[in-house]
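Multiple structures follow.
Okay, so chain A shows up in both of these, paired with chain B first and chain C after.
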Partner chain A sequence: MSGAIAVLVFPGTNSENETLRLLRDCGGRAELVHWSRGETLGDFDAYVLPGGFAYEDRIRAGAISAHDRMMDFVIGGAQVGKLVMGVCNGAQILLEAGLVPGTGPIRRPAAAFTDNAPVPHFVCRHVYMKLAVAPARSPITAALPDEALIPSFAAHGQGRLAADAAQLDEIVAGDRLAFVYAHADGRLDDAAVPNGSALGCAGLINAAGNVLAIMPHPERDAWNFNHLDRRQGSDVLAPSGGSVLFASFVAAVDAR
Partner chain B sequence: MANPELVRPGVALRDDELRRIAERLGREPSVVELHAFDAQWSEHCSYKSSRHHLKRLPSEGADVVLGPGQDAGILHLGEHAGERYGVVVAHESHNHPSQVVPYEGAATGVGGIVRDVLCMGAEVIAVADALRFGKVDDPGSHARYVARSAVDGIGAYANAIGVPNLAGDVYFDAGFDDNCLVNVIALGIVKESEAIASYAPPGAGGWDLVLVGKSTDPSGFGGASFSSVPLDAGDEAANKGAVQVPDPFLKNVLMRASYRVFNLLHERGIAAAFKDLGAGGIMGCSAELAASGGYGADLNLDDVNVAVDGMAPEVIAVGEAQERLLWALPPEATADVLRIYNEEYSLPEIAHNARATVVGRLTAEKRYVLRYRGAVVMDVAVEFLTGSIRDELPYVEVIRHEPEGAELPAVDVERAFPRILAHPDVCSREPLYRHYDWVVRGTTAIARDAADAGMLVPVPGSPLAVTLSIAGNPRLGRIDARYAAERAVLDAVRRTVAVGARPIGLTDCLNFGNPRKAEQYGELVAAIDGLDRAARELGLAFVSGNVSLYNESSAGVAVPASAIVACVGALDDVSQAIVPGLKSAGSALLWIGSRELAVGGSVLADVLGIDGPLPSISYDAERAAIGIVAGAIAAGTLLSCRVVAEGGMLTALARLAFDARRAGRALGAELDFGNPLCEAGGFLCEVRDAPVVDVSGTLKVGTTIAEPRLIVNGTNFDVGQLYDVWSKPLAEIYP
Partner chain C sequence: MSERLVEIALKIPDNAAFTALLALRRLGLDVARVERSEVWRFDDRGDPATLADRVRANETIFNPNKHRLVELETMRPRPGETWIERRDDGDEVRAHLGGKGIAGVNASRRYAGWRLLTSGGEPASRETLAAAVAGLLCNPAIEKAIY
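Let's turn to the complex of A and B:
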């Protein structure tokens, strides 16, 4: 029996349908769980927090949602080893909840995904995320090749990792920098980073490796029709490109 | 002079209209009635000076599921798994609000157009914007502030509701310094059998009227006539009152809750009507919904969920607070619909006093009745309120172009071409649209500006694709309104064909000056003629549209005539799309279509400061070119394609090289053609085997090469350098 994945819908979430569709196209047993029935979340084996502007990004993106009662289940689940992945706004929520990088107490974040730099403005741009840890570091990334390059879209106004130097050191030393922004050929430099993120960070992981937070959206470059000139195989509706990360997540959930 | 008793500040009704109302009612209208007629008989609601001309436009065809008349039109996209799918399309302007308060004005423009599509029972799949701003060179100018803030407003709203921006265009012209144009388009997808009407269907007598969304507040009062507002606190409050306040967060939830309601109604086979609240607020929406089905309505304003106490009944009735819609529901469905909005989607927790609530009912008697605090404050024959009123106004048509042509100028391509690429009407729009989310929903196949049209795959599990393109060149409009309208249709259709899609229908938004000035009105009438001609010649219909008048400078000069046209296209299989960018070295470059060389209205003319005749339009040649391109696509010989438009054929070639560069292909071309900067029209195509499409109407103009250079009659351009020239200018406006 494959594991049950909940895709959480907060008020203001906007990417739930494509997130759900990709999980299912990757073989996952997933369904949407809406805020008015959050009490059912305990029944699920894994959680995916999709993109959007939950609670209107009031205070700071993710700050209110981290205190939503649905997050009680996600935090409790993460602490007993359930797999959790947050994408964009979902990543911001996981950071505000203190689940990643996990260097401080719950709901007392020591780092934030905050205003892009140098221009504090929403930006939509095609990017590549490069796997910056060994694939076996986390079950979620276990099916990816070394230094996997995952095509995605950055689409956010608050995606810059900000933390003090000690925190950043701890993130690096603790092997919690899961993904960095890269060019199509894998090169790393400032031009590859769409938002001025510290460490070129595109994604963070917790110490145990069961919670992953990524700012870019692989699910928006995830089917052959999303990238007609890079399509693989003849089925234009087949998952490809950014779907590899979701496929790895689904495989990890089903392996439990 | 009207009866002084009737004249109230903030009411734009004319004396003769006021007299007509009093005569018909047999009494003086109440304050609420006065404001109701003011909104309903405004140009905005009544189309009183344009409707009789608009009637001419073709509105029927094989692909038309629903023509103009409801909140949006519907076009047949295709079939999947035994279901017929329709594309819902609506197109509107929000010009005056965007000039006054650009962020909120543009954002509420998006909000309104999205509701027009939503209320047809559709899932909203895309928005698009056609923007006309003033000269933005001066960093301190109001025009630059408008250009930036309007884009921010459009982006912030659509991003938050999770609808991708699929297409758009932008022009900068001093003619828009005092009056920008912000046109917005939205697309939706619906099973054709499940579309919801925006009029009361047969048997709707006694149905509940359920208001849903934001609590009614004093914002947007008087928006339909956009006149000053009768508030006691003076001008500042009046200006504030005219501004509508966007709430995309609430809209996000409202859309998702409405999708849930659609499911419930389809599951149970319940008919209903659903309509957006726009101009005229609760009154305008409920009166039109009732009257168009042959009913009256009886509403109690005390049942409206309001944001603040003590609002005057006329403000509750006609105020244009955003994020509201109205259902007409058979009473057996009402409780479940209220539960979905108020409990499952918890609207009252999302925004202050937001909810779904019963405010009245449809009546068999064709009266429009409003009650407030136990008294009847409005009671009129509903057809008199909503029926067509008509202003017959005098007009003259003025054409400003020189009919007989100057000689083609000798052009130094090496100097002129980089200036054309850096021209604000040609250079890259990426600095602007990167502020928009164009990939949310995960359905985007061809992004905005990656090709001549944007493309989505909107039906999960199906390869059906829909495209959207926009056209309406103000440099042509200021010369000849009729010609510009014809070209807008042609350009939008060509852009659809260039990505491999089949054009299935059109929308228009007519942005013109003051209809009470014969020359400005003449431009509107001429443009409608032009749209009519071009659409009929190409066998297409207009299924949705909007008219925006009184777009003038402070000196009373009309904006450049702007008939802005959008074309919706369809592909049965997205794998047939023509992917942007040159594909390989050694391909032939063909120019297919009209090649009449003239500089009138071109970017070249603007750059060189010259004038000349407009290239003439041959519909035979246009139809032939469209057929040749479609044939080459079907034969699999067409590798890449762009229309020849602003900046001429060489600009189209450079764009194909830029597209290839972005995809990692270092390709260029050798071009052998004398006047590659004229804007004659047609398609520039890269084809695999030139002889296969060796048909009359095509001309081989060059060959692609395996290095990133454009070699034009011996002049040698580096594609990378040209890309820098082209990609940077707007970054200063949109950092």
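Let's turn to the complex of A and C:
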């Protein structure tokens, strides 16, 4: 039987439906778990934190959610090796919870996905995330090819990785820079980065490789109808494009 | 030119402060009430007597329907209070002041003010404040706390 995946819904989460649908279309046994049912999270094998504005981004994006009871289960699960993936606001929550980059204590953030630069405005733009670690570095990325390019949408006002120089060095040295922004042909330069993110970072991973935080939304470019010019096959409802990352996540959950 | 501090706070119920209160209680801190404000530090070249009115005229940061404004006498946070400043707030401060800015104001800095009170209505202790800053109110990667 395949592993059970919880898609967490905090007050203010808004991307749970497409996240759930994509996980299911990739073969995952996923279900939504709202904050009022948080006590059931211990029954799940893996956790996905979707995008949105959990708790209205009060104090800072992800700050209140990181202390929510649901995160007790996610943190505990991550510490015993369960797979965790956060997308956009979900990624911000994982940083505030200290799970990624994971260079400091739990719930003592060492970095942040914060206001875009140079102009601190919301950005909605099609982007590509390029896998910046060896696929086998993490079970979540293990089914991806080397330097995989994941089409996605950046849709955030606070997606810029910010940390002090020592932290950034530790992220690089510890092989925790999982994804960087790239052009469609794989080239890397500042023009590919939509938000001024340090290191061109689009995603971070923890030391153990079981927690991944990504800012862009692969689930918004994940079916043929999202990108008819890049469709695979004739079924417009078939998953493709950004779905490869979710498929890799589901495969990793099922392999456990 | 003189340095002046102005506090702008909600006069309607502050849901963000209440959410912060619940999170601080989850941390085990003895906090019964949280007050949140926006504290502005202005380098002012205008008539000191008119600063409050000039700030109130900036609709980007002050809405008379929901805000109250107080000129602060002290240049430091009060007991039980911390001011959180973004490390790279320059562009955002300009954006928040809007295109018109504030007449007479040459430069400005902005802080998120958090005042913690115990069940007796007393300001929270410095130890409690430090725990709240470290545990919730400040992400040192992007912010610094004054208290």
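In this text, the second predicted complex is superposed on the first by the 256 of 256 C-alpha atoms of A that agree within 3 Å, B and C clash if a C-alpha of one lies under 4 Å from a C-alpha of the other, contacts with A are read in each partner's own complex, and residues count from 1 in each chain.
Please note the rule applied: contacts are C-beta pairs under 8 Å (C-beta built on N, C-alpha and C of every residue); 3 or more make two chains touch, one makes a residue touch a chain.
Predicted model, so just to flag it, every value in this text is computed and none were measured.
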Thinking of the overlay built on chain A, is A:Val119 touched by chain B (first), by chain C (second), by both, or by neither? both
Which holds for A:Asp254: it touches chain B only (first), chain C only (second), both, or neither? neither
When the two structures are overlaid on chain A, which partner does A:His67 contact: first (chain B), second (chain C), both, or neither? second
Would you sort A:Asn14 into first (chain B), second (chain C), both or neither based on which partner it touches? first
Chain B or chain C: which reaches more residues on chain A? B
Quick one: is A:Glu56 in contact with chain B, with chain C, with both, or with neither? Answer first, second, both or neither. both
Contacts for A:His34 in the overlay, against chain B (first) and chain C (second): which applies, first, second, both or neither? first
Per the contact definition in the header, classify A:Asp45: touching chain B only (first), chain C only (second), both, or neither. neither
The intersection of the chain A residues contacting chain B with those contacting chain C is 55-56, 119
Name, in rising order, each residue of chain A that touches chain C in their complex. 55-56, 58-60, 63-64, 67, 69, 96, 107-112, 114-115, 117-120, 162-164, 167
Across the complex, what residues on chain C touch chain A? 15-16, 19-20, 23, 26-27, 86, 88, 91-92, 95, 134-137, 139-143
Contact set on chain B toward chain A in their complex: 155-156, 159-162, 249, 252-253, 256, 343-346, 349-350, 433-446, 457, 460-463, 465, 573-575, 577, 579, 581, 663-664, 735
List of chain A residues in touch with chain B within their complex: 9, 11-15, 17-18, 21-22, 34-36, 51-53, 55-56, 119, 121-125, 153, 155, 184, 217, 219-223, 225-226, 228-229, 234, 236-237
